[in-house]
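The following blocks contain the structures, represented as structure tokens.
Across the two complexes that follow, subunit A remains constant while its partner is subunit B and subsequently subunit C.
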Partner chain A sequence: MQSSNRLAAGGGWTPYAYLTPALLVFLVFVFTPVVFSLTLSLYQFTGFDSNLFRKFVGAGNYRILFADKYFWVSIRNTLYFVAASISVQVAIALFLAIIIFIGRFRFATLIRMIIFFPGVLAPVAVSLAWRRMLEQDGVINRILGGIDFSWLSSVQLAIWCVIFVSIWQWVGYNLVIFYAGLQSLDIQLLEAADVDGANWGVKINRIIVPLLGPTILLNVILNLIGSFRVFDIVYVLTRGGPVHYSEVLTTLMYYYSFSSNGPNSMGVGASIAVIIFAVVLMLGFLRVRLIRRDGGAS
Partner chain B sequence: MRESYGIDRRRNPGFFALSRVVVAVTLVCILGPILYIFSLSIRTERTVYQDTLLLIPKEVTHQNYPKAWNLAKDRLGVDFLEMFRNSVVVTVCSIALAIAVAVLSAFSFSHFRFKGKEALFSTIIASCVVPAQVLLIPLFFIMVRLKVLNTYLAVILPYVGFCVPIATLILRSFFEQIPYEIKEAAIIDGARNSQILLRVVLPLSASALATCIILLFLETWNEFLYAMVFLQKPVFQTIPVAIAKIAGGRFQLPLGTYGAAIMITILPVLVIFVVFQKWFVAGVTMGALKG
Partner chain C sequence: MGKKALVVLAAVVVLSLLCGAAFADDNVILRFVDGQGGNDGILASYKEIIALFEKQNPAYKVEYQQYTVTTLNEFLKPALAAGQAPDMFAVYAGPDAIEMVQAGVLVDIKPLIDNEWKKWLGPGYNFKGTNMKGGIYLTPQDALTECVWYHKDMLKKLGWPAKPFTQAYSMEEYIQMVGKAKGVGLNVMEAGFLEPWCYFNPFFNFVHQLQPSESPDMVEQAMNGEISWKQDVFRKPLEAYAKMNKAGVWRPDALNMDYQVQAFGKWLEKNSIFMWAQGDWFAGSMKKEDNNPQNPSIGITQYPTIDPKSVVSYNKNFGSDIGLYTKGKNQKASLAFMRLTNSPQAAQIFIRHGVNPAAGVDPTNVPKTDNPVFNDCIVLYNSPGRFSEIIYFNPQAVKAIGDGIGNVVLGVQKPDEVLSELDKVTRK
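And now, the complex of A and B:
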């Protein structure tokens, strides 16, 4: 990030002129909407034809939200998502990256590309495929020995199915980042360990994993922030159902504000948006500080 | 092979074998679902429920593909080509606009010294972490006010908003790696700032631009929520929205057609991925490390 000191000095307004389009985009499509959201969450939505800011209700929307049992369910589910994606998903990716890296595979690149491939597909297409497979007469039950279970209609298991599909799709993404970290690893350290007679267990636990520390942290933070963005997979796989038991914050927001069978209360929707925003902003600060600290983590 | 260091087959036969098993199982888990959907898409109506675990069914047909193609026309009044066109228009315009804006701002950040530079940079970068969903409701009203709802602009404008920060970040760090001596030569020749950007910086940045384009492509091509809410008229629908409506609706679809519809959306991305795979990896890695 450190640039040379020989930058064109000043140039008066020129640098600002070059920045204008970006700042305009930021102002209109990020800053204004965030402020708008904050304000909107304090008003009751009274319909599309009227003035948006007619009925001030203060914390009213938040009160409605906190009284909604399914808001807490969606918080719980979002936390499940966070927990699984920063632990299981990162662990699988790390494990696979190391195995592929030290395994001397002839088609190492191809293997990585295949595992990464689901990550470039539309989550919608991935979810449609898995929805069919998880159906009562689907192929998953067939593989499990002909059991008769409707995975996505289970109050307890629906959200875990969604999380499973999410891990399936994104584990390759973490793997690619881990692999980049491994490739910048100093092999001589491992060779030095060989001289000392270290076996692979020691080399992985004592050298590779500790050296990948910053990359692990990076993946954890990426998945953490990513968990709050999940929408498509939940929407297509379960629509938040059965009832609302697999709802996450984003889908609940959609349900409250836009869904055709929802209450159409944009105010409550906006208050969910504000809550997501607050959480993610905190995490974002954390990330910026961590990246600053180890200077790009690369 | 470059990674010559690794498990030795003779010294660690057990570990060596284990690594093969692990990777084989992983590949089956990843490829299985994709191959299963492909297998579904070439099955006849009689064989969709027969030997589900067999990859190649006893009766093979390609009829599901034209059926899925026509189904889109029947159900939504839009055929796949039009959806494809919509996706291309939205993606290309968003990326082109976002890159243009980001090139200018990245150049400003990398070439000049000015007051408030790092503060402005941090402000723009901070929006990388804001989830798009948070802005959905306010942007909806903004699009209504701008009278662009149900036009391509309704999604292009928000996409540009989401893409500019990450593109600025990547391009700035790349522009800063360009040696000053190269720019200096141009400055001595009397080149203006705009000429330095167009004649010196941009020609040297082809790989950074390609990386950026791929990263933004992933963000916009697969985007679902905004496309669903802001483009409600079927004629404007992008592929993810249309496929969710065709196959994800409440009505039952013949399974073969269902599989074919999914395959039709997967195939173009597969082709692009195979051709540009290096850039995909670079894009994801850079986006993660720099973002």
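And now, the complex of A and C:
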């Protein structure tokens, strides 16, 4: 505190000089593309023209988007992704973290490493492997008794297969964050509960989970933001198919912008990017507010 | 000490830059990209053609980069938007091509095609896919026949008679094959429907089979809004797709596989007897043990006939085409390269690598090679028969057809619902 006051008091332009490189990076790589995308969403642009702003269409791209039934499919699928990652993924990670923490297994570190391992693999590699396993003659069908079912060609199930793979890959990441939170708990609280005769159910529900509140919130917010931006797992596993029934917002944006035999409409793709940005921005503000409120309460 | 080190470092950097500049290549670089990734025949052909061009034009070097069908636009669009596209690039004839012409990124080469080049091009000069808005904006590279290929030994194992490659099995025959194939542990057909052209190109073939005559092209009429889509000539092809899917002619996995890598890869490994939407662009990629003069084991058959009144139709056309960038700095040299790719010398190089050249040869007198399926493709390409166009310029309609067929196959929509949507797109 004292040093920053000293800087402000006697530094003049010095603090701003230190901030300039970071601000420049932010301007070039964040602010400018955001403004650019917002502007592009108001223009009709195929992507083949060097004059990006030849034809102004105002809200025309958004009208095209809202009239496309696959846009609503992608919204639905994205919400499925979000809901599953903030509930199922977090719940599994929390459950496993508590079990490992309480159980004090001999190989707890190894178990944590194994669960976390998929999180360090490239999502493309994970998706390729699961794609092979989910094929009609893949290992999953053989385990299920040699059934002849194409998981990724099913209109109803394709998106859930994608969600499953995503949860499989990232649950370890959430587990590590939860485990860190558990290790920071005051162990005397648990000992005191032991003395009072509380069983493990009570200790988990009344002590551990409430104290892990901020950590749970952190994981929920991280998963929320991450699941809105998911692309690679969906693209490699299904490319948004069959037809467009496993599209999410990001893959639909790719389809509109780059797909051969596609709509060739980067203006509409930019509109989707603006929608994603607006949602993620709101979630970011929400996170800041919740953290501040939580910090004030504590 | 710190200042000294900085001075030394700066001197080293400056010196290296100067040295680099001194040893810099004096050649002018022509950049050329296409979307033929995975096509070994084209890759080998262009390597030789480039070597020939560089020998004839020592001041120039050609840098050639292959992308795939799905990744070409990922590279090309940002490059075009930035005004930094290569001197020459591949364009797929159809909606992409017309949009590029409208954006003004392709040079109209019609006034630049001399008489000799025009003679080499032959029918390619009037190719629908390259002639747009009164000009010629692309030059075709390879010709294609697109139909169904199969492993002859697997068909023999099924006990099914082979047919001449100008003929087709009927839809009912494929459906009958399914039960028989299961009995001997075989699958009937691989297909890669994640690439929508695998839906709509055969669809066009089905329509052309049912038309009263080769012209007028009823697909073109419907695309232009002159006629309604709600008639049997369009309905029956959709029903045929649904019927074949339901019967298991292709496995459900086909709905979630791409053609270029997954479906084709599985078929090469003999996962299935037939390969849907296969063409001579892959003649150079067959396994030698299955495709040599002693064992010509790759067969060709046409798209299935879907009605007793169907006339077998041939999807013959030109494959990839290359265009000249309007902002390219080396247009004269690039044009010379493009001209060379249509020359008789280049045609011999293409043929040697199992690529059917679009130009530079007498199509009825292409020399035989030791690639049996390629030889068959050449004969097929020059066989008479009803022509089935596959190039159309209405992107919304083409997209709606691809999605619509997929929805009918999945059982999400009925054929008439798809046809109503098509009418809305083309007859608004």
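The criterion applied here is as follows: the second predicted complex is superposed on the first by the 279 of 298 C-alpha atoms of A that agree within 3 Å, B and C clash if a C-alpha of one lies under 4 Å from a C-alpha of the other, contacts with A are read in each partner's own complex, and residues count from 1 in each chain.
Keep in mind that, in the parts below, a contact is a pair of C-beta atoms (placed from the backbone, for glycine too) under 8 Å apart; a residue touches a chain by one contact, two chains touch by 3 or more.
Predicted model, so just to flag it, every value in this text is computed and none were measured.
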Of subunit B and subunit C, which one touches more of subunit A's residues?
B
A:P242 contacts which: subunit B (first), subunit C (second), both, neither?
second
Could you tell me if A:L52 is touching subunit B, subunit C, both of them or neither one (first, second, both, neither)?
both
After lining up the shared chain so the two structures overlap, which partner does A:M266 touch, if you call subunit B first and subunit C second: first, second, both or neither?
both
One more residue to check, A:L152. First (subunit B), second (subunit C), both or neither?
second
Tell me which partner A:S257 touches in the superposition: subunit B (first), subunit C (second), both or neither.
both
Quick one: is A:P210 in contact with subunit B, with subunit C, with both, or with neither? Answer first, second, both or neither.
neither
So in the superposed three-chain picture, is A:R142 touching just subunit B, just subunit C, both, or none of them (first/second/both/neither)?
first
Once chain A of both complexes is superposed, is A:E191 in touch with subunit B (first), subunit C (second), both, or neither?
first
Give me the intersection of subunit A's contacts with subunit B and its contacts with subunit C, in residue numbers.
48, 52, 257-258, 266
Can you check the complex and tell me which residues of subunit C touch subunit A?
35, 69-70, 72-74, 76-77, 80-83, 92, 94-96, 99-100, 103-105, 193-197, 251-256, 258, 327, 395-396, 398-399, 402-403, 406-407, 410, 412
Name, in rising order, each residue of subunit A that touches subunit B in their complex.
1, 3-4, 6-11, 14-16, 18-19, 21-23, 25-26, 28-30, 32-34, 36-37, 40, 48, 52, 95-96, 99-106, 108, 111-125, 127-133, 137, 139, 142-143, 168, 172-173, 176-177, 180, 187, 190-191, 200, 218-219, 222, 225, 228-229, 231-232, 235-236, 250, 253-254, 257-258, 266, 269-270, 273-274, 276-277, 280-281, 283-284, 287-288, 296-298
Of all residues in subunit B, which touch subunit A in the complex?
1, 3-7, 9, 12, 15-16, 19-20, 22-23, 26-27, 29-31, 33-34, 36-37, 40, 49, 52-53, 100-102, 104-105, 107-114, 117, 120, 122-142, 144, 157-158, 160-162, 164-165, 168, 173, 176, 180, 187, 193, 218, 221-222, 224-225, 229, 239-241, 243-244, 247-248, 255, 258-259, 262, 265-266, 269-270, 273, 277, 280-281, 284-285, 288-290
The answer for subunit A against subunit C in the complex is residues 46-50, 52, 70, 135-136, 149-150, 152-155, 158, 238-239, 241-245, 257-264, 266
